[in-house]
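In what follows, a single structure is set out as structure tokens and then discussed.
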Amino acid sequence: MDLTSGAAQARVRRRYRAEARFRAYGLVALAVAGVFLVALIADIVRKGLPAFTQHALVLDVAVPADLVDQQVRTDPVAIRGADYFPVMRDALKAAIPNIESRSAEKTLTRLLSAGAANRLASMIVADPTLIGRTVKVPLLLSANADLYFKGTGVGTPITERSGRGIATPSGTSGEITILVSSNDFAENLVAIKRGLGERASLLTAEANRLQRFGSASLADRIKELHEEAAALRARVEQPKVEEALDSNVPSLLVAINGGLVKITKLGDMGITGEVLLPLGSRADAQPGDWKIVTYETAESNRKATDQEVAFLERFKTLGAVEASFNTLFFVGGDSREPELAGIRGALTGSALTLLVTLVLCLPIGVLAAIYLEEFAPRNRLTDLIEVNINNLAAVPSIVFGLLGLAMFLNFFGLPRSAPLVGGLVLGLLVLPTIIIAARAALKAVPPSIKEAALGVGASHQQAVLHHILPLAVPGIMTGAIIGMAHALGETAPLLMIGMVAFIVDVPKTLTEAATVLPVQIYLWSDLPEPAFQYKTAAAIMVLLMFLFAMNGIAIWLRKKFERRW
Amino acid sequence: MDMAVQKAFTEEASAIPAPSKKVKVVARDVNVFYSEKQALKDVSVDIPEHAVMAFIGPSGCGKSTFLRCINRMNDTIPTCRVTGTIEIDGADIYDPKLDVVQLRARVGMVFQKPNPFPKSVYENVAYGPRIHGLARSKAELDDIVASSLKRAGLFDEVKDRLLDSGTGLSGGQQQRLCIARAIAVEPEIILMDEPCSALDPIATAKIEELMEELAETYTIVIVTHSMQQAARVSQRTAFFHLGELVEEGPTEAIFNAPKDKRTQDYITGRFG
Amino acid sequence: MAGLYFLALAALVAAGFFVGRSRALAVAGDDYVGLHSLPAYHGLFVACGILAPMLVVYAVGAPLVAKLAEANASAAFPPDIQSDALTRGSALRDAINLSVGQYSGQASETLKEAAEAYGRTISTGSWSVLGLGLLSALMAAGCCAALISKPFRARNHVERFVTVVLLICAAVAVLTTVGIVLSVATETYRFFFDPHLRGKPGVFDFLFGTEWNPQEALRADQGDIRAAFGFIPLLTGTLLITFIAICVAGPLGLFSAIYLSEYATHRFRAFAKPILEVLAGIPTVVLGFFAALTVAPHIRGWGEYFGLNVASESALAAGLVMGMMVIPFISSLSDDVINAVPQSLRDGAYALGSTRSETIKRVVLPAALPGIVSAFMLAISRAIGETMIVVMAAGLAANLTFNPLEAVTTITVQIKTILVGDQEFDSAKTLAAFALGFVLFFVTLLLNIIALQVVRRYR
């Protein structure tokens, strides 16, 4: 065989290239799996981390003397039941005085969570003498306001520059005009017009791009885009004309005399606007004493309105905004309000369910494994049981849910949504896993140990119980923990037995309605509020943390008690 | 070897008086099957009391299988079937009414590889007496453990580490621990399945010495690969080949004047 | 009542243990060694003797009492209620609730009467069960204690009892399968053949119908809503998503397995294997969240960029993420079977001058092929039965399409959708979910049995 000819060498080279390619496929496959895992976890951590902090407004709250009746001043129920809304509203209005518009006032009060007063109520319960005094207390912000401070796309970047001329406001609230002695707004006007132009070209470009695909279904959309672009261009053509600002362009505001005015009509030398934060006076503002503020994101592209941004920014300047660790997330039950929703109910539900699962499937699983590994006669029945267990491990989990629904709920009449039933279903679900793991652990104990025990006259059962089982315990524990981790992450069968109810209270018994962590994740992920998405991701982080911890313990156990015989 | 010489050997062999001791175990026509495969064919042998009897033969000849019939360890193999009779002191040990656990308490066993429980030295020895209810109190149990360890010649070496794990001892010590564990239940017979095959010569010598002492109180049956060992420790020897008991007799006779060609080939090292 | 019964049971069992043990010590006297079994075994013998009859009495007695009480309670209702199964059921529930003090409405005289009858039967019944249990326990204890003597083989009897307990535990797994088969099969039978069921489809309509719409007209003016139970769109949807998943997971899982078993150094393996294990351990609800909120919008965005109309719940998104879920199944099983290929086969190929990849392609993979096929079958079975990813990322509308960019629905999604929330148990819609469960169970069972049989030979 000639290995030195050119053709032979080329052949060898080609074969080695194929070899390298084949090898690369394997690495790429592993890399894809790794990248997916990293992307998944990064995405969840990115979404979940903001949910672990929470913002509150620390305000001086004057607790009125008549908050509760004199006779029940120390009664926690009465204190918690009192109406805190006016109290909090007054505290907010004291922080930002002179708000006259009803809608602005409504916006202001809505910045607070429905549960904002809980903290205050608890403080008063602990110390009833606070009634009639002024207390500095953190008031929980609503979910959107909270997200605003987390910089999660609810708000907007803000830029400002000083005014060059003398500005004269026509009033302190409502709709006012501000005349300026210089052409301060000219460049904004130009910028706005340029922005309109850019938007028009973008729309045209998109229309042309779609045109290329030539699909008939897109024709309407293309026409729409062209029309919109034409309308925008018409506005750009007239440079000096006053431009009315809508919510599709960045918001322009004027900060003057301690107030804030949102520009609705922009001219060269003056503006018309709506007061968002009341002005201190109608006095002229000297050059440099007033500012032009821009909320860069157009109002229509963000959750927070200009009014809300104005309020929240004001609270920030007042130093009233306080961020803290979101303990409520861990101690609260479920809630319709994202900022009040917590996972304690779901965690407790999971704990109760897993307790039932463990109590059911650990003893049964271990005893079954002992029987099959040590005592079962080798016959068809045993074969059947074995095949059956292996198959059961691969039955879709939702089928176990059907079993739970038909058997436990409808036939045996056990309560719906209860951890008891959930635990039973999950117990049957992980039973095969535990049996298989326990059998492997029993099998790993060398037969010499059993022979030694039998040799001194131990019965077969004594040999198993005194010697083999104790040596198999670490392996069984490892299997049990992995089985429990599996049960902890399981969702589908629990949906079948009704553990999807909205449950605010933390469950206390095995038979009351409850939900579990993965089901809570499923429920939250379905809700439209963005704040719930963050909560979902945070709940997933908690779930994964538990799972990693459990698997970590299992690996540690395996490593620690691994024995070479 | 011509016939005359053969005959002379035979006569000489029969001239050696059989040990005058009582017979402890009587086996008649023992057959053992694993599934369909026959491992032992019609084995009949008498094992004398208070003596060491050795089973020798090449690997896979059935000597271990026969040993394990004497305390019914073969019961643990589901496919194994035993026919024929084995009697200890005249009582059939395959009698269905017999409690196999009690049989094994009477017939202790020491295995090829030392297999102490992964527990303390004390627990290893105390386990048997405990499950058989041989001690009413902790003090009694302590006594049993100490005397068993002493009789196994291990006490002085481990008396300071009775609570250390038995698996931490050296190989020879482990095997003597297993012997101590076996004699702690006061058996009448001790079966030893190649007890020295995993040990070094010094440890082997100690075990052999121990066997001689133990033979005064117990009936010992040893399976061994080593003909020298059989010659050193046993009073009687049985030679197994391909599942058959080829020849059995006083050890000297077997080694000096084997009646069967196969025995002769084996002890002269032609096979095995 | 159950609490009291089991308290008595626990107390008697404990007492039985001590009685048996001390009696054994007494018969032994000075000859402690002469006892066949340890005294503790004699104690356990008596304890088991008490435990078994008491459990049997309860297991038989308690349901009997409940049935009797229900019969007595419904006897109090007027005949028109008794004749209608549905109203009788709800009236009975009311009566039971009233009897245990959880009834919230205003109770009628008949209801009170029924509740009283129910309570009376339950109370007398429970006491008789308790009495019977105690009696049987005492008799059993007496018999057991009388048997105790020096040669009595208490240990053997206890061990026989324990063996039976072990056998029962092993049987639980079989009972689970029986339970599953019974629950899906009976409901499925009713779905197709129950004469009282309105709107049920024929078997043929179900298997070959192309329209799936389990909504039922609840009011007369909704006449245009007609329930349809055609299984085909669900089947195609399930297969489409499964197909996408296997297209993703098949090559990735197989190449991962080949790399890990044939190329990877020990250290790389120690680093790469956990990635797959972690992937396998991630709950599917998490993957569903990722599929619905991250992957699907991205796919939609890319599709829009190329001018494609991608449904926001496209089969592609669900299939891709499901593929990721399935990778570990394929890779770990393939890894096992590839490792099981004897080294001698590889050596033969190397000796002929094959490169590694040639050896793998020509020798290892063909030898491991049946195992790899069964790994794929198990993965397909997983993908078909997977619920949460498709519930969260796939659609509800039963579109009969093979376009991966459109929304499709699957068997599991429909089971979940039908059964979650309020349901009346006797409607065709609810039973349809069980029929789907029946199909799901047997399809996956078939795949599993074949695959496991092959895998077992490899292990």
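Should a chain be cited, it is by its letter among A, B and C, assigned in written order, with residues numbered from 1 in that chain.
By definition in this document, a contact is a pair of C-beta atoms (placed from the backbone, for glycine too) under 8 Å apart; a residue touches a chain by one contact, two chains touch by 3 or more.
Note that this is a predicted model, so its numbers are computed, not measured.
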{"item": "Innermost chain by mean C-alpha position", "value": "C"}
{"item": "Contact-richer chain pair [B-C vs A-B]", "value": "A-B"}
{"item": "Euclidean distance of C-alpha centroids - chain A vs chain C, Å", "value": "30"}
{"item": "CA centroid of chain B to CA centroid of chain C, Å", "value": "53"}
{"item": "Centre-of-Cα separation between chain B and chain A, whole angstrom", "value": "71"}
{"item": "Chain C: positions in contact with at least two other chains", "value": "155"}
{"item": "Touching two or more other chains - residues of chain A", "value": "459-460"}
{"item": "Chain B, residues touching no fewer than two other chains", "value": "101-102, 131-132"}
{"item": "Chain A-facing residues of chain B, complex", "value": "71, 73, 76, 78-79, 101-105, 108-111, 113, 115-118, 127-128, 131-132, 178, 181-182, 184-185"}
{"item": "Of all residues in chain A, those that touch chain B in their complex", "value": "377-378, 446, 448-460, 462, 466-467, 471, 563"}
{"item": "Chain C residues touching chain A - in the complex, by the definition given at the top", "value": "155, 159, 162-163, 165-167, 169-174, 176-177, 179-180, 182-184, 186-187, 251-256, 258-260, 263, 272, 275-279, 281-290, 292-294, 306-307, 309, 324, 327, 355-358, 360-361, 378, 381-382, 384-388, 391-392, 412, 415-416, 419-421, 425, 433-434, 437, 440-441, 444-445, 448-449, 452, 456"}
{"item": "Sites on chain C touched by chain B in the complex", "value": "32-33, 35-39, 153, 155-156"}
{"item": "In the complex with chain C, residue positions of chain B that touch it", "value": "99, 101-102, 131-134, 136"}
